[in-house]
Structures are given as C-alpha cells and as structure tokens.
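Below are two complexes that have subunit A in common, paired first with subunit B and then with subunit C.
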Partner chain A sequence: MTDDIAFWLSYLTNGKHLTWYASFQFTIFAALMGGALAVLFGLAGATARNARFLPLRVLGTIYSSIVRGVPDVLFFLFFPLAFEQGVEWLVATQVCSPAMVAAQTAAWPPCREANWILGTPEYLMLASVSLGIVYGAFATNVIHGALRSVPLGQLEAARAYGMSSRQVLWHIHIRQMWVYALPGLSNVWMLIIKATSLLSLLQIADIVLWADRLGAPNFLPAVGLVHADWRWRYYLVLFVFYILVTWLSERVFEAIMRRVGKGILSEAHA
Partner chain B sequence: MPETGSTVSMHELNTAPAATMPVVELRDLHKSFGALEVLKGISLSVGEGQVVSLIGSSGSGKSTLLRCINMLEVPDQGDVLIDGEAIKLRGSAQARQIADESQIRRIRSELGMVFQSFNLWAHMTVLQNVMEAPLIVQGRQRAEVEAEARAMLDKVGIGSKTDAYPSQLSGGQQQRAAIARALCINPRVMLFDEPTSALDPELEVEVLRVIKVLADEGRSMVLVTHDMEFARSVSDRVVFLHQGLIEEEGTPDEVFGSTKSARLRQFLNAANHEEQRHT
Partner chain C sequence: MQGFLNDLAIMAPAVMFNIYFALASIPLGFVLAVFLALGKASRNPLINRLSRGYIYAFRGSPLFIQFFMFYSLALSLNISVWKPLGISGFVLHPLFIGPLVLVLNTAAYTAEIFYGALRAVPRGAVEAARAYGMSPAQQFRRVVWPNLIRLAWPAYTNEVVFLFHATAIVYFALPVIGAQADLMITAKTLFERDYNAFLHFSVAALYFLAVSLVVFFIFGLIYRRLMRHLPPQHGLRFAPKWMR
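Our next item is the complex of A and B:
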C-alpha cells in the first residue's frame, strides 16, 4: 500500500509530469491574452462599424463578417507563419547585402542574418494574437449589437448636457453596453478557451501535447513495458481541467454582470 | 460711466424684462424631416426670467422647436441665438450641421434640458446623475458639485434618494431627479419637453409643483406642455403652434381668455374635454 503511494507520488512528480503541469500556464496565458485582445479588437471593430468615416465603417464590417467565417485552425497555422516570414522579409530588405544573399543556401530567408528564430514565448504571443483576431470578429459583432441596445434617449441627454462624442462614448455608451454584451462575450470566451487546445499546432509544448506524450505506451529497454496506452486517462485530466475553467468562468462572468448591471438589471437579477 | 450703464440695464431688467437682450432668440427657423415640413419659419424670443410655454396639438412642431434651441435638431434654415451669440452652423437645408463643436458644447452646458422620458443615466445613482455634467463637462470641483447636487435634490424633494438608481424610483421621482440634474449645471435657461406626459396624474402633481417653484424664482424657461391649466398658471407668455407656424401668442390671459384664432379655440376646447375626462 505505502509502496503504491510512493510509486504514484514519484511517478506523478517525475520531470516530464512536472513539465506537463507547468505547461498549463501556456494555455491559461493564451486564453487570458487572447480574450483580452478579442475584446480590444471587438471594441475597435464595433466603433469602426459605427464610425461616420466610410472607409473605417467598411473595414469594421468586413472584419466582423469575413473573419468570423475563417476556421480558427487555419488561421492558427496561417497567421504566425505569415507574420514570421513577413518580418523576415522586412528585416532582409534592411540587413541583407548581396554577399550575404549569395552565401545563403536555403530558400528562405534571403540571408541567414535575417533569420528569426521563434521560441515558445514568441509563438505564445502569436497564438494569442491569432485568437484575438479570430474571436475579436465575433466580439465585434456582439459589441456592435450591444452598443445599439443602449437607450438612445440617454445618449441624447448626454449630448444635451454638452458632452463631447468621446465622453458620450466612454461615460455612457460603452459603460452601459457591457450589460448587453456580456452574455455574448461569455460565449466568445468559451470558444477561446476551447481553441487553446490548438496551441500544439504552433509547436508549443502545451497540455494536450504532453498528455499525448505521457499517455502513449511507454517502453523502456531496461524495464520492458512501463505502461500501456494510457492516453484516455490523461485526456480525462484535461477534460476535468476544462470543466473547472468553464465553471470558474461562469462565476466570474456572473460577478462582472452583477457589477456592470447595477441599476440597469432589475433587482431580481442583481 | 460703466456704473450708470449697469444701473440702466438693471432698471430695464426690473421694469421690462423683454426689452433687454433675450436669453434665447430664434430667427425664422425651418425644419423638415424628409418631405415632411415640421417648422415653417418660426421666430421667438425668451427674455431674462421669462417663462414661455409652447402649446399645440401633436405634430404641430413644438417639441422640434424646443430641440432646435440646443441643436438636438439642427434647423434647415434660420438662426438660434443664446445670450445674443449665434450658434454656428454650416451647410444648408437638411445637410446643415453644427460647425463648431466646442461652441455647441459650451452653450449646451448652460441649457438645462428635461425630457419627456427622463433619460436619466441608468448605470449611475441619482447623485452621480446630477454630478456628472458639472464634473466632466464643466470641470468643477467634486466637493463643491456634490454639495450643490445634494442641495438640488433636497430642493426637488428627493434628498433621501441620492444613492438609489433611477430604476428604483417612481416616474415622478425620476423626473424630479432629472430636474435636479438640469439645475445643477446652473443653466441660463431650462428647457422642458413635455415633462409630465409620461407620468400618471397623481405623479404629475409633484413634478408640476417643482416646475412652478422654479418659475416663481424667476428662472428663464421654455416649456412644451399639453397641460393647459399649468401653462396658464406658470407662463409669462404662451405660444400656440399650428402646423409649423405660430398661430397665436401672448400673455396667458390673452391666449386663453380672449382667443382670436378659431383653431386655437378648437384646440383649447378639445384639450378641455380631455382634461375633464381625466378628472
């Protein structure tokens, strides 16, 4: 019995497992950063859609209607790669001399000095930005609708009292918009959480990748078969993690809703 | 010399308020919504301390006229002057718009508008509603504004509701809070757009009482109303609008007592019937 406990303790705290536990931070970071960026892009997109300046309005509409349809997996693969090579091309135009270009044997980048090697932090940032862009299009739609739900009379009153358009936007319009936007934004947030399971596509050693590695049949020449295919058990842990995150998110959204809904939602809801 | 100048104007103010520079002056206002011409050339002036009531049937243009004073509606033609200063507009006809944002913000911050549907900001408490414009538009000191806001809320009789949200108040209380909000900007003129039309008769009374107090204090006011009885008791001058034009104007006694216009007589009869049905 004690041997069993000792075995499991040492098994679950071996180096690879510790790395796995640590990799949860990537998922959490990508979700939080992606979520924050999505709201930011959503606010920008929605105000662009409401702008008086036509090109801005067109841009906002295109963003929210087109990007929403792009599969997140595809964008995850496309954006970091395109961004990386774009930066390399830009650097190359500044750095590469003809001699350097001649010395380069690979097809890309133009010269070795322009090579940009991305590590996990860079990929994590790019992943967050990808999430922000894709789900910001959803957020744009949600926030655009929410902005239109704020009673017009209150905006008119703000103008009648001499507020500038910016003051009306920030003090009244956006402040009240949250109540109408939060249910939709909580959906977007859930989608973002789910999409964090795609991090391994960007060569980030995330929780899914580690679960896969640790669960696979483990065979050591000296010991023989350590364990058979245990992947489902590791995936089960991930399920539990995602369910916990979902539950926690619900609580947080309820708390935010109570806060921003003060005075707007009836007492029964608040 | 400046001293005699000021004595003269004080003298004028006391004896004939209308003879001094009007607080609000409207010159030949025209306004159309699409093909519908709502104002067809209206000129009107409101002197210091005067209470002017705009009456007329629905669609006569009285609310539109009031909303032109602070440019919530921009007239297609004509000028609006506040304290002799013309509000700058550019463009023409229905494309006409406000030309100088900082001017209109300054002027609006001196016009206290009260709306039919209150339009209190739902996410703020009553006190915050009253303090908002003085703080962020007029840039005044918080302590001073808060003291004044509390005094105004006491004055309109809801001093105990400062921390309530608008949704927790009755319509009459909300409208009184809205009046306190208008008062707290120290307005040159109060603009009332059918302030009691959204209220039940028993709540109407408490709002009318507040407006009456303000009128008696000598505040300049423009009031759009359906309540003929009230217009009569509170106004220095009553203006009857019909299909976008001023059909008749004068003192309450002139307008309600010795009506010249057949249309006005018809309107007053109808209004009278309406009131009797309510009581």
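Our next item is the complex of A and C:
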C-alpha cells in the first residue's frame, strides 16, 4: 500500500510530469490573451460596422462574416504562417543580396539570412493574436447586437446634454453595452477556451502534446515496461480539466452578470 | 492564376472527405439529439441526470481532445477486443471513428438547441392537445415536434455549418491513410511543398465557404417549407446607403 503511494507520488512528480504541469501556463496564457484581443477586435469590428462611412461598414461586415464562415483551425494555422512569411519577406528586401538569393536552394525564405526562427514565445503570441482575430469576429457580432439593444432614450438624453457623437459613443453607448453583451461574450469565451486545445498544431509543447508523450507506452531498459499505452487516461484528465474550466467560467460569468445587472431592468438578462 | 486553378482541381477530391464526415454524422447526431433533449426534459431523475451530464461534458470540452481520447481508447482496446473480433481495421479507421466522435459531439450541441426549443413550445398548444384527449405519443408527434423543429431550425442550421467546419480537425487528430486527405491536410501538404500560404489556404477557405453557403441554401429551403403555413417574409432588398 505505502509502496503504491510512493510509486504514484514519484511517478506523478517525475521531470516529464512537472514539465506537463508547467505547460498549462501556455494554455492559460493563450486563453486570457486571446480573450482580451477578441474583445478588442470585437469592439473595433462593431464600431466599424456601425460607422457612418460605407467602406468602414463594409469592412466590418466582411470581417465578421468571412472569418466566421471559415473553420477556426484554418485561420489559426494560416495567420501565424502568413505573418512569419510577411516578416521574412520584409527582412529579405533589406538584407538579401542577389548572390545570397542565388545561393538559396529552398523555396522559402528568399535567402538564408532572412530566415526567422520562431520559438515558443513567438508562436504563443501569434496563436493568441489569431485566436483574437477569429473570435473577435464572433465578438463583433455580439457587440454589434449589444450596441443596438442599448435603449435609444439613453443616447438621446446624452445628446440632449450636448455631448458630441464621440462622447456619446464612449461614455454612454459602450459603457451601457456591456450588460447586453455579457451573455454572448461568455459564449465566445467558452469557444476560446476550447480552441486553446489546438496550440500543439503550432509546435507549442502544450498540455495536449505532453499528454501524448507521457501516455505513449513507456519502456525503460533498467526497469522494463513501466506502463502500456496510457494515452487515453491522460486525455481523460484533459477532458475533465476542460469541463472544470468551463464550469468555473460559467460560475464567474454568472456572478459578474448578477453584479453588473443590478439596477438594470431585468429583460437585459433574458 | 494557373496555381489557383491547379489548387481548385487538387482540392476537389479532398473536400469530399469533409463532406463525407459531415453527411455521415448529421443524421445519427440528429436522432441521438432528439432523445438527449427529451431525456434532459424528462422527469425521471436518472435519465435527466445522465442526459444533462452527457450534454454538459461534450459541450464543455474541445472536440480535439474528444478525438484524441476516443481514438486512444479504441487503440488500447485493440489487442483485447477488436483484434479477436477481426474488426480492428474497421474500428480504427478514421472514416469510422471520425464520424463516431463527430456524432457524439454534435448530438450534445444539437440536443441543447432542441431542449431550448422544447421549452419554448407554446404551453397553450400542448394543453389544447391534451384537452382533445391525445395520448402523450400523439401529443409529441402532432403538436410538440412540429413546433419544436420550427423553433430550432435556424439554430440547427448554424450547428450543421459548425459541424462541417469541425471536420477540418479530424485528420489533425487521426492518422491520414494513404491519399485519404481532407482539405486542411491537402492545404498543409501543398504549403510545405512551395510555402505559398496565401494561395493554398485561401483555396481551402473558399471550399469551406462554398459548402457552408450550400448548407445555408438547402436548410433555408427546408425552413421555407416548414414555415409554409405563414405568410411569406419579405426578401432582402438592395438599397445602398452610401453615407448616413
């Protein structure tokens, strides 16, 4: 019995497992950063969709409908790759000499010196930005709807006080919009949490990649077979982890909505 | 331009895999979802808890993890169960296990939509049906179901499009067998050959957009048919306002 406990303790705290626990930081960072950026992109998209100037309106509408019409994985893969290539192309225009270009055998980058090698921090940042862009399109829709459900009387009153249209937008319209946007934004947040499981596609050693490595049949020459294929157990742990995170976010959003909704007519929560 | 046309031709067979995954999982997911929604509304505490838990678990976790989990579970049962039965090649094939996981996933999302619609069915209609002396089965078939499907249809259309988008990650979790590659894998292989991200991913995106539009069109036709007892809605009018 004590032997068992000692084995499990040492097994679950070996170096690989500690790395696995540490890799949760990438998932959490991507979710928080992606969420913050999604709200920013959503605000920008919604104000563009409400703009007076037609091209801006078209741009906002195109952004929210095209990005939502394409799978998130596609954009998630495309944006970091395209961004990397764009930077390499910019660098190449400055660095590469014709001789260097002639010496290059691969199709990309134009010359060896323009190669940009991305590490985990860079990929994590790019992943967060693409999460922000993709789910910003969803947030655009939510915020656009919320902006329209702010009572018109509030805006008229603000205008009657002599506020400029920019003041009305920033001090009244966007301030009051949050109550109506929160239920929709909580849905977008749930989507972002679930999308963080895709980080391993961008060569980030995240929780999914480590679960795969740890669960694979483990054979040590000194000990023999430590365990057979345990991958499903590790994935089950992640399955439960994501459900718990969803549950926790639901509780937090409920608390926020109860707090923010104080003093607002109750149909806002319906 | 030549590259664009080439890509269109190369990806035409690839999109069939995405369409296959969606088509194979929509009907079964629909049926399972109806039962799950009824289970969630059931008064029997056991059925109620089970359906609620199932829907919560599958909506609260990423499809990507679900793919990995079910595939590795099937792999670990290979020696003890599938091999002796002689069906390991079938069970472990992505074309089988992909739709299986998609069915489990989409059933949960669809059940939540149906459950919401079930609760929105007008009470008066159900009470009138009971007053006519209809049995519970008759009530469901004649009154509850027609109301439910009309209320749920727009949201269900969105879910089907999401399901089609979700087929993009099937082959990131499951092994690609031979030339059986879907749009994403094809786009990625083409990209790794000549590093032209803009071309290949845009063509894949175009295919996804095109199929999504077809889904919206077909489901819109069905919705029109479902709503044929109501006066027709005004169609979209083109009236650009350049500056307002």
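In this section, the second predicted complex is superposed on the first by the 261 of 270 C-alpha atoms of A that agree within 3 Å, B and C clash if a C-alpha of one lies under 4 Å from a C-alpha of the other, contacts with A are read in each partner's own complex, and residues count from 1 in each chain.
Please note the rule applied: a contact is a pair of C-beta atoms (placed from the backbone, for glycine too) under 8 Å apart; a residue touches a chain by one contact, two chains touch by 3 or more.
As the structure is a computational prediction, the values presented were derived from the model and not from experiment.
Chemist: In the three-chain superposition, say which chain, subunit B or subunit C, touches more residues of subunit A.
Modeler: Of subunit B and subunit C, C contacts more residues of subunit A.
Chemist: Considering only the touch criterion stated at the top, classify A:Arg112 as touching first (subunit B), second (subunit C), both, or neither.
Modeler: neither
Chemist: One more residue to check, A:Tyr242. First (subunit B), second (subunit C), both or neither?
Modeler: second
Chemist: Contacts for A:Ala157 in the overlay, against subunit B (first) and subunit C (second): which applies, first, second, both or neither?
Modeler: In the superposition, A:Ala157 touches subunit B alone.
Chemist: Does subunit B (first) or subunit C (second) touch A:Lys262, or do both, or does neither?
Modeler: First partner only, subunit B.
Chemist: Between subunit B and subunit C, whom does A:Trp232 touch in the aligned arrangement: first, second, both, or neither?
Modeler: Only subunit C; A:Trp232 stays clear of subunit B.
Chemist: For subunit A, which residues lie in the overlap of the subunit B contacts and the subunit C contacts?
Modeler: Shared contact residues on subunit A: none.
Chemist: Sort out for me which residues of subunit A touch subunit B in the complex.
Modeler: Interface residues on subunit A, with respect to subunit B: 151, 153-154, 156-164, 167, 171-172, 175-176, 260, 262-264, 266-267.
Chemist: Could you please specify the touching residues of subunit B with respect to subunit A in the complex?
Modeler: 70, 72, 101, 104-109, 111, 113, 115, 117, 119-125, 132-133, 136-138, 165-168, 181, 185
Chemist: Could you please specify the touching residues of subunit A with respect to subunit C in the complex?
Modeler: Against subunit C, the touching part of subunit A is residues 52-54, 66, 69-74, 77-78, 81-82, 85, 107-108, 190, 193-198, 201, 208, 211-212, 215, 228-232, 235-236, 238-239, 242-243, 246-247.
Chemist: Which residues of subunit C touch subunit A once you look at their complex with the stated criterion?
Modeler: 56-57, 59-66, 68-69, 72-73, 75-76, 165-166, 168-169, 172, 184, 187-188, 191, 193-195, 197-198, 201, 204-205, 208-209, 212-213, 240-244
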